[in-house]
Structure formats: structure tokens, C-alpha cells
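Residue numbering begins at 1 within each chain, and the chains themselves are lettered A, B, C and D in the order written.
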Amino acid sequence: MLGSGFIGRFYADSIQGYRNSDKIVSVYSRREESAKKFADDYNVNHYTISMEEAIAHPEVQMVCIALPNNLHEEAVMLCCQHKKAVITTKPLGRNAAEAARMLKAVEKAGIFNGYLEDLVYTPKFLKAHESVRKGALGRILWAKSRETHPGPHSDWFWDLEQAGGGCILDLGCHCVEIARSYIGKDIKPVEVMCWADTQVKPIDAEDHAIGLVKYENGAIGQFEVSWTFRGGLDLRDEVMGTEGTIWINSFLRTGFEMFTSGKGADYVAEKAESNSGWLFPVGDELNELGYNHMFMDMFNAFEAGTAPKETFYDGYVVNAVLDAAYRSAKSKLWEPVQLDDWRGKTGVGQDSHLTEYDAEHYFVKEEVTHYGAKKLILKNKETGKFIEKLEG
Amino acid sequence: MLGSGFIGRFYADSIQGYRNSDKIVSVYSRREESAKKFADDYNVNHYTISMEEAIAHPEVQMVCIALPNNLHEEAVMLCCQHKKAVITTKPLGRNAAEAARMLKAVEKAGIFNGYLEDLVYTPKFLKAHESVRKGALGRILWAKSRETHPGPHSDWFWDLEQAGGGCILDLGCHCVEIARSYIGKDIKPVEVMCWADTQVKPIDAEDHAIGLVKYENGAIGQFEVSWTFRGGLDLRDEVMGTEGTIWINSFLRTGFEMFTSGKGADYVAEKAESNSGWLFPVGDELNELGYNHMFMDMFNAFEAGTAPKETFYDGYVVNAVLDAAYRSAKSKLWEPVQLDDWRGKTGVGQDSHLTEYDAEHYFVKEEVTHYGAKKLILKNKETGKFIEKLEG
Amino acid sequence: MLGSGFIGRFYADSIQGYRNSDKIVSVYSRREESAKKFADDYNVNHYTISMEEAIAHPEVQMVCIALPNNLHEEAVMLCCQHKKAVITTKPLGRNAAEAARMLKAVEKAGIFNGYLEDLVYTPKFLKAHESVRKGALGRILWAKSRETHPGPHSDWFWDLEQAGGGCILDLGCHCVEIARSYIGKDIKPVEVMCWADTQVKPIDAEDHAIGLVKYENGAIGQFEVSWTFRGGLDLRDEVMGTEGTIWINSFLRTGFEMFTSGKGADYVAEKAESNSGWLFPVGDELNELGYNHMFMDMFNAFEAGTAPKETFYDGYVVNAVLDAAYRSAKSKLWEPVQLDDWRGKTGVGQDSHLTEYDAEHYFVKEEVTHYGAKKLILKNKETGKFIEKLEG
Amino acid sequence: MLGSGFIGRFYADSIQGYRNSDKIVSVYSRREESAKKFADDYNVNHYTISMEEAIAHPEVQMVCIALPNNLHEEAVMLCCQHKKAVITTKPLGRNAAEAARMLKAVEKAGIFNGYLEDLVYTPKFLKAHESVRKGALGRILWAKSRETHPGPHSDWFWDLEQAGGGCILDLGCHCVEIARSYIGKDIKPVEVMCWADTQVKPIDAEDHAIGLVKYENGAIGQFEVSWTFRGGLDLRDEVMGTEGTIWINSFLRTGFEMFTSGKGADYVAEKAESNSGWLFPVGDELNELGYNHMFMDMFNAFEAGTAPKETFYDGYVVNAVLDAAYRSAKSKLWEPVQLDDWRGKTGVGQDSHLTEYDAEHYFVKEEVTHYGAKKLILKNKETGKFIEKLEG
């Protein structure tokens, strides 16, 4: 385990949770006291302030990178050198160039690589995605993902140099991969329009952004990200298809409802912004946020000698989309996604929007009116005129 | 009442509902049978297929226009001629030029004019807007409004000539006025970015669109509109401010929950897409959708000799924003909102995002950590470095 | 209007709300300053501290009783004397004996009488009840109604002599009429089991109670009432039938969702128990709580010369059920409902629970198993043995 | 693993799920084909139709009983004989006498014993219970648990001899232990009132029941159970305390929301009653329903040589409460809970409901009125009169 901060502890809670057979054998941190505390808390035998020592440790089979964004590349390169399997927190790089270098390195070294995008491993996502794959929503038209909260926990996130960006990079990476998964990971993202601003925080990076990602088949991905949201951690996705709709709330309203006058003790959820009134504590954060199923996929794939569902290649595609978003926020133009290494389908056209009703008409809509009758709206193929046709 | 279709009947249900003292005295429709049926259903003494005859009818004090978009201007001009108070369904015009002509005409004629934007009169909107006005959310950063459903009821909506546009004009007019009301009707909308496409329906107009509206104070309005949504009528708004958040569902989940095997009779809500399984019937559509409070404001203002909350001027501003959206969907650029007649504030700057903590630091964030401690994140004013400071 | 307190003001807001043609012409209160203030606030021409003077006022067509429970009978008797139509807040009497006397008096006097049970007039109830009536839920098995909040607003409620009871009488009267309406107002309530206790408040009356009401057809009504609930006003109903289920939340989660840090001003809903954190303001209380549709029914029925949906007879039945509940809470037995005056069906038996599958079997259940197969569970008519039968 | 049916498979999915180190080494079923299929599906090395052979298998450390209720006692006695740790599905016995014999036997044999009551191990329950324990709700007044669905999966449940009862025994055992846990497992349940009926199914046992359980400290537990509910699996709990409220939905509305026209393929949740319209698939049933945390507690306790949270003693108490419920349903009286072996507190009185305000008054209620003022309601200690006092 490289890193002993907030996300490292979340990972450790999940990896060593339940009755798991997997163990953390070494931990690296930049500060010795942090490394030692982490080792104590999680019964880790070895701790060090030398990244290479942790990676090279003979009992280490797989390296888990939970470091600030600017240290990912260095850590990955050391894993390549020592031929250790590597899994990395999101985003993969601070930009697509970094990500591409890491991708090439791990593939050249032939080592197992996993991209820790937990939000495509939440139990709800897994089941919703399965429904979409089986056709429950028909053709996918739009997939929106929203992640907003009152700002990250550690100081380095706020520093543009270490983080490489603001909430677009920190949160948008989740949203882009979620939308891409619903639309199809083999469909090429072609261009991005993004608005971003620093509305509230005294920082150089953006604290609020909204973006649209156009895919080659005409589907639209949308992300809404912010570090200025008040009320907790808001994680919601929506998907529209020709045959259906999906709405997922992944955090804020997924627990139970509790009203408390606040006269009791110090019992409160750490991600809530208040500790009295109506609260919505989440039962099992590690599971709801996807960590358990993510590590299960990573370790199972590693043992089976296969690729996990999310690899460095996915991390690279996400970085390329986010790069286009940053360019668009500045240029105010739709910016092309630059993917030198595209492994999905090519030349996919937009699906037809002409559904035939009969020889002379296209079908527009069928409905039951306010007053009980069944009504069809049709378009004449030749004249282009719209007609209403009552049935039954 | 001009028009006897879907929306005309909704209006009539509201105007003559409860124990109201207001009555419809004449109805005009393009088809005699429709006019007659409407007159019978609502106990209207006079019906006609001459628009002018209805407007000029001596007992008519106020004319309510519930006609296709392309007939608004003609009707308004007749009201000006006959000096009758006029209220018009949304959108005011098919574009800002039409709207501007109508606005000038009614103001020149000195007649009462109201813009029937029902969704800023829903009981939830009224209460939420009051909270925002009183400061419950602090400074407003973003206001999103979404209206999507499976497509409109009448044939003319689908015809680009009569309607003047697709779902942007039909539904976006609601969304723009909602967001504008939260951000402040005196704040100038300056530019618009919009994506639009025809993804599903065999029509020339757009059936799905997403747009961003930038206001002079840096706030962002967002609209999401579609005629391709499956599952009913989706009307939801969200507002983010520096001190709080508002989420409003105005229709789809506002009723009760009913599971039925469907073996009973023909009991089903007309706006639902299915009649068995879990259904969510809305108790009182007229009230939930704002019609009652809207007509109350219109009639009270008319009697008091004051302007209603929504006038032709608001309709004109909305049309100007939507014109920019249409231009943007084509040009793929942020398009300026052309408002030759602006009556709100000018020269409003963006609010500062620098909150002072002490002489040396800006305040970034305060939180209770995952492990119980209270933590401040601060930024040094001179060095720009971020630090974490533990308290308590 | 007799009474100028909390409920009297709610009634007045509804009666004179929207664009209503109905007006309050006289108000009586026991305290002159209250009567005067009410008259000022609602533009009432006449006020008095003589109940009879208000009732006898020549412009008064209908008397609305909004007084403490112990004054209902006196007011009703005066209405009978002066032959004025009368509508009374709930409960009708402090017990069935009082209610029976009032019922006989108004019927003997031949005056219009209405029972102001607003919660069977909420928009959701009206629509849900219509669905039940049309068969969407099949045969009704159980109807539960729950009303709990942190205790009533006025001092007299807490005084056993004036109120006649605690939360059973104050809130149970709503719940009993709601459940009775779903099960069928023509089905006789036969016996009641009730637990009641004074758990929190320093009063003689009960502050928490739960009761079961058995109807002649085997259906069960349930009430849950309390003055000790924390978190606001909880109004929820549930109905189970052989073909479906209904869940209704009538207040606490029917508005919008607002998070506020509380740094803004004094904007808060009066029925909420807190003014920061997540709040759920209700948009239109008068409409959601049924007042508008209730008075509409009352006034329309009065003008049409028919009986309203809820009359003194309904109030009498409710009082008889509550009397049985009070007896049961003491005796710890199922107590019979004493209805000397029953106007519904008699001799209704319990419906059969034997559904035939084929000549040899009764049908128990059909389901799709965890592993995909379709399974029937049947019971052999002769042997009584249960078998599983797989299909498809 | 004894038993290869529905619940045995649920258990196996959980025990061998994630990256667990625990393995099933032998499976017993009454039918060889079922035993073999189970062994194949879960990679179990040994299967048998001899219960004793499975229990005595040398690699078996712990026996998990997932058999019909009438076979629990036989299996437990064999575990005692072979000194194998034993965990048993709920209910422990068909009645308290059976449960008491099993309890005595395991304690005499000195073997580890666990009671598999999964619903006090759901993630939401664990967190809610922790909040209650820390005082967030103050003194607990009432705890309600509801479990209803359209009926069990296997034929034996419907047979009174094998099952020992209907939905009270099958579902009420969950509800009683949930309520008892919130109120305090050291507080004695003293008497039970229960209504039960066979309303829909062609069976001898009850298919619908409602019960109240009075505890020595005056708190009330409530259960609502049915095999006739339409709409899925309804699992909801509510808790009221002097300082707060908890509402938990443990299944039906805990997943995501999906609308589908049903034109896609066979994608549907097995516990839903329909496969089109609005559906609410649950993401991770095993975790939501408590299986993972339950087995974690059982195995961790076993390794640590301590008792798990739920033991045979808890099963015995639950059976004693349910016995009283069955007696009450017949006698129509509050029936005492017969607990010959009580290990909790004794002589606990009901808490006082007199909160002092000042020397002369008790405190009744504080509220902000409809019109903005802050109001106290107080009771004079001597006169018993209630007064309203307005503040600042």
C-alpha cells in the first residue's frame, strides 16, 4: 500500500474487511509517523518511507497506489522495474500524456494493471449496467453522472501543481467512466464541451464544472462536478434510452432516516454537514461506494491471469476526455478528444430516428389522452404533415 | 378563452375549479365542433370560430390565449385593438422578434398583460423561491431545471412551422424562467451554450437538448429538455448556493405509491406510461403544476391594477435566451443573448471567491474527519500554499 | 365562524383563499380581543363574544364550529334552534353519547350538517380512494392510518375535561375515518383492541396509542397515534388488498428538500422541529391537508341541497369506535363497538380464502424462483398436502 | 451445511462470497440430487443424505442448519453429541419448549451456538442500533418492525406440521428480535396482544397478523407480518424515542429506480412482482439483508472463543414471545410471556413522564406557532391546570 491517507485507509478497510483472505504486507508513506500509525492500525508487518523498498518487498505481490496524483507515474515506473502487479487510484494521470506513458510502461513490462474506479463497481451500478447490457433501456441516448460535495479532505487536492486540476480531474474522472460504461466502452468519445469556474474557493483550480461528451454514435455523456455543494456527498446517475430510464442515487439518500434533537452524544456520520435534525446515515459505505466489489474483481482477475474490468487503458481514455474538457473550458469551443491509441469500434454512425408505422407514415407517439381515448401521432413520409389518429 | 385543446382545458379546469368566482364567457376554436364541445363541457354561453368575435365579446374582460405558437401574435394584436387585457400561454413568441413586437404592442395599447408560465407558480416553487429570497441558500451559484416526457399531445407541436421549434421552445421556456427566477430576474443572462439533436423522433425539430445560460454575476442556469424520456413527466429543479441546496420534484414522485396487479378496471393516471406494477398517481395535478396560483395572481393583479408576477416582458427575455440556444446548437459556440430592451441591473460583477480566515490566510474548508478530529484547510495569502490545521 | 384559534384560522385561510366567492360574515370567540383580531385579519364585518348572536346573525347561512370539543354540543343545539346549516370540526363529540344527541338534533331540525374530517379530502386520498373503489387493489384486507406529532398547539387539548380524551380522540378520529373509508363505510366495525399509555407528557390523558378495529367482513383497520413523535407531523396511510397495495405520505416528505447551513434569516416552516440541516417544507399545506376540497364539497352540497360526503352520522360512527378503543385500553379486552343506529349493510360474512386451481387443488402461490424457473404452490383439496409444481 | 434449499443457497452465497477464506466442506440434503447439485454449484467436496455423516465429517468445524423448522431439534442434538459448533436458521424452534431443549443441550455440551437472525445484522440496522445505543433517540418508547411479502418459496412453509406456524413464526421472529434489540435485550418482554387471521390463502395457518409486545419498562414492540402483501418484499422498521425517530426501509425502495417498456430481454429482479413499468432492483441483496455481517460475527466469535451477538438464548426468548402471540390470537387476551429462564434485568419500572419546568410547573411542550411566536405549554403542579406562556 503506497499512501496512508484518507483513500488509503478506505482501501485498507475494504481489503482487510469481512473475512477476506487478502492482507496488506507493507505500507509506504512520505511521513514516518503516518506509515507507522497505518501499520499499527491495520496490522501491517512492514512500513517504510522509501517507496521503492515497499514495492520491492519480497512478500508484496501487488502494489496499490493511493498517492497524490503527481506521484502516480513515479510509483508505476518502479512497479514496472520490479515487475510487480499494480493497481492505481483515480485519476490515472494528471493528463493523458502522463497516463499514456504509464499505460505503455505497464504493457511493455507485461505486468497486471488495474484502475481503481470504484464507482463502476457499486452494487447498484453493477446491476443497472447489467440491465442496460441486456436491453432493458433500448438504445442509450444520454448518461449523466453527478458528483458534488463540499470539497476534498487533504490539502494536496487544493494545490494545482500536485493535483493537476480541480474538481474536473478529482470528480469528473468518475463521471466520465460511469457515462462511458453505460453508452459502451467500445464507442469512441469524439468531442467535449465544458464550462468551469472558480465560484467559491480561494484557489486557482475550478471548483464547479459541467461538461458534455459527444460519442460517435450520437449518445451524450454529461458530468456535473463541484467542490461547493452543501449538504453532504451527492452521487447520482441518470440514463435515458429509447425503451426506459434509470435513476441511481449512490449515497445521499441511500441509508436510513433519523431525526434527532441532538441532545444525545457524538454519534454522527462523518460525511454529513450537520448532527441534528433529519439525518440520512449510510449503512455500509465501503460496500455502497463499490470498494468491496472492486477489489474482488482486481484480486480474482490477478489470480486468474486475466485483465480486470478496469485497466490502465480505461484510465488513459478518461484522462483524454478530461484533457479535452480543460481545453474547452478555456477555448469555449467543443474540443476534440485526442485518442492516439483507440481500441474500440470505429466508423460507428448515428442510429436512425425514423420508425416506420405503415407504408405511408412514420410513427411519432402513442398515448392515452387526458380524456381517455387512445391517440397516435404519425408523420406522412411524403408530405411531412403530422396527423392525429384516434383508436379504440 | 382562445383555444379548446389540451392546455385550454387545463386552464378552464383551474379557472372554474374550487369555488371560484371567475367564469369563461366566450370560447374560440378553429373548429366549430371543438368550440361547441368546450362550451358545453364548461358551461360557456358563447362560442365562435371567429377569433375577433370572441375577443370583442362585450362580457369578456380578459382574453386567455391557449393557441398554437404561430397564432399568438395575431391574437395579441386583436386584443390591443379591442383594448382587452390579455394573458398568453408559453412561450410568448416563436422567437424574440415576435415576442418583442407583442410586448411593444401591449405596452403601447396600455393593456394588462400576463405571461402564463405556470411552473414558477407551483406551490413548491413559491415556497422554495421565498426561502432563496430570504437567504437560506446564500449566494446562488447554479440553478438547473429539467423537463422531459415522451412528447407533446397535439399534432401541431411536432410541426416546425406552427411550433417554431422543438423541445427547446416547448419545454426550455419553463426551465429558463425557473432558473432565472432563482438567480434573480434583475440579473442579465449574457450567453448560452446548447447541444441539441433529433435522436428518436421522425421530425425536423430537436427532440433532446441541454443548455447552459451564463448570467452577468457568474451564476449558471441549466436546462435539460426532451421529448424522448420514458416513464412519465419528469419535472425536477435543483439549486446550489453558498449556504445550501434545494431539490424539487414537481411531478413524477409527488403523489402516492400504488402497486396493482392490473386485474382491476380502468383506473389509471393518464400521464403514466403503464397501468400495472408500481404507479405514482399525482393527487391534484392542477395545483401541483401551478395553474391555481397562477390564475389567482393574474386575476388579483388585474383587479388591483398592478402587473402580475409574470408579464410579456418575462416572455420576451425567455425568447431571447432560447434564440441564443438555437443559434448555439448550430454554431457550436457560446452565443450572446441579444436583449435590446434590458430592464434589470447592469454592470454586475462576479462575486469574490476569497473568504478571509485571518490576516495571513484565506479560508478553504472546515470539516470533521473520518476519524473524529476537526480540520481546517487554509491558504496562505502570500505563498499560496495550502495547509491543514487541526482544532479541538 | 365559531372559534378564532389555530384551526379556525386554517379554515378561514381555506374558505377565503384562491378566488373563492364564499365569505365569513361573523366570528365568535370567547375572548373579545381574539374575535376582533380574527375579524381584522380576515375582513369579517361582525364579531361577538355571544355564540348565539353569531349564529343568529341574519347574513349567516352556514355555521362553522371550530371550538374545543366540550363546546360542540352547545353550538350545535343553537344552530338547530335557529335552523342554520352547521359544519363541525372533528371529533364530533367527546363520546358517542354526545355525538348521538347532536345527530338526532340536526336530523330532527332538518338542517344541513357536515363533519369536517379534512383527511378524507386530501387530493391523494381522493385519488387513492377512487382507485380502491374501482378495484385496483382487489378485496381490501387491511387499512392503516398513522398520525403522530409532538403534541397539539392549544392548552385546552391537554386538559382531559375540555378535550374529552388524549391523542386517541384528537388524532384517532382521523385515522378511524380514513381506514373505514377504504374498507367501506357500509361495512360495520364490530370490535376494537387498543393499547394506550402516557409515556412522556405530564398529563392524565394518553399520549400514545395503537388500536385495531375489526370489521364485519374480516378486514382490519389500524390506527397509530401519538403526541410524542419527534421530527414533525407524520401522516401516513397504507392499504393492502388481494390485488395491490397503496402507500400514502400526506405531509412529512411531500414537499421539497432543502439543506441550509442556517446562516440565512428566519425562513422556516412552522411545523418543522429544526431550522437548519435538511428540511422538507411543504408547498401548499391547505391543499395537501384537504381543507380546500373539503369546503368545496360542503358548500357545493349545501347549494345543491344534498348531503356532503361526511355528515354528523360519520362523526357518530367514529365516536362509537373511539369509545370502544378507550374501553379496551382499560379492560385489555377486544371491546364491541356499540352502534345503536347502524345504517350500513348487516350480516356481511368473511370472504372465502379458497381459490380453486383445478378440480383437485387449491391455488396457493405462483412465483419466479431465485434461479429462473416458474413455480406453483398448490394444496390438494382432499389430503391437504402442499406440492410444488414447476412450469415452463 | 444442512439443507440445500432457498435459504441454504443464500447462506452459501454469502459464506463463500467476496474473497472469504471460509469454505463449506460438506452438505446434507434429504434428497441426493439436491445435495449433489448444491455440492457442484458451490464446490463442496462432500455431500450426503445422512445428517449425522455430514455433522461428524472430520473437516467440519461448524454446522450450519438451514432445514425446515421441524428438523432443527434433531440436528442440534446431533451437533451436541459430536461436539460441533452449531448455527441455526430462524426461528430456533417451532415453540419455546423445543427452543428451551435445544438451548439446554448446547449449553450442557459446551458447544458454540449461534442464532442466524440476519435482520439484526443489516448494515442499516447496525448503524441505527449504534445511534440508539449512544442516545441519539433518548429513551425508546416504541419499535415497530414489518415484514410482508406474497408468501414463502418452499412447500413445507405452508404445512402447519412441518413449519409449526404461519407468518407469525416465519416472519414475526425477525420483527420481535429487531424491536427487542432497539428497546434493549436486557429488558423483559412481559405480555403480548395479537390479532391473526387467514384472509387469502387456502391454509390452516395464519397469513396475516399484527401484534403488540409490552416490555417491563413500558416500551412497546410491534410486529406486522403477512404472506398476502402485493408488490414485493416489504421490510421496514420504525423507532420512536423521546429525542428522535428512526425510519428504515431495508429492501423495497433501497435500490435504484428503473422504468422499462419491457421490450428488452429477461432482465428482471426475482423478488419483484412485475417486469415492466417502474422497478426498484436492489443492488446487493446479500449485504442489504445482513448475511455478510452475520456470518462475519459468527466466524469471528467462534475463532475468538466468545459468544456471537445472537445466540440460542435469543432464539429461545423470541420463541417465548411468539408462543404468547399465538395464545393471544386465540384467547383474544393479552397473554403473559412465559420465560422460565430470564437472564436480563428484573424489576425495571416505567420511567417518569413528569419533566419539571420550574418549581410550580411541569413542562408539556415548546413550539413556534403558525404566526411566529414562541410558545410554552405548562402544567401547574398543584392545580393541574394547563397554561400557555409566550416567550420573546
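The rule is simple: a residue touches a chain if its C-beta (ideal position, glycine included) is under 8 Å from a C-beta of that chain, and two chains touch if they have at least 3 such contacts.
What you are looking at is a predicted structure, and each value in this text was computed from that prediction instead of being measured.
S.K.: Just to be sure I understand the contacts, which chains border both subunit C and subunit B?
M.R.: Output, common partners of subunit B and subunit C: A, D.
S.K.: Suppose chain centres are the mean of their C-alpha atoms. Which chain sits farthest from subunit D?
M.R.: It is B whose centre lies farthest from that of subunit D.
S.K.: I want to confirm something about subunit C and subunit D. Since they are copies of the same sequence, is their interface symmetric in residue numbering (over half shared, so same) or not (under half, so different)?
M.R.: Looking at both copies, the contact residues mostly coincide.
S.K.: Count the touching C-beta pairs: is B-D or A-B ahead?
M.R.: Of the two interfaces, B-D and A-B, more C-beta pairs touch across A-B.
S.K.: As a quick test, compute the distance in whole Å between the mean CA positions of subunit B and subunit D.
M.R.: 49
S.K.: Whole-Å distance, subunit A centre to subunit B centre, using C-alpha means?
M.R.: That gives a centre separation of 33 Å.
S.K.: Among all residues of subunit D, which ones touch two or more of the remaining chains?
M.R.: 230-231, 243-245, 259-261
S.K.: Residue numbers of subunit B touching subunit C in their complex, please.
M.R.: 18-22, 122-128, 130-131, 134-138, 243-249, 254-261, 263-267, 281-284, 287, 292, 295-296, 299-300
S.K.: What does subunit B use to touch subunit A in their complex?
M.R.: It is residues 6, 9, 137, 141-142, 148, 150-151, 153-156, 158-159, 193, 195, 197-204, 207-208, 210, 212, 214, 218, 220, 222, 226, 228-231, 240-245, 268, 270, 332-334, 353-355, 362-365, 367-370, 372, 375, 377, 379, 384-388 of subunit B that touch subunit A.
S.K.: Residue numbers of subunit C touching subunit A in their complex, please.
M.R.: 230-232, 259-261, 273-274, 276-280
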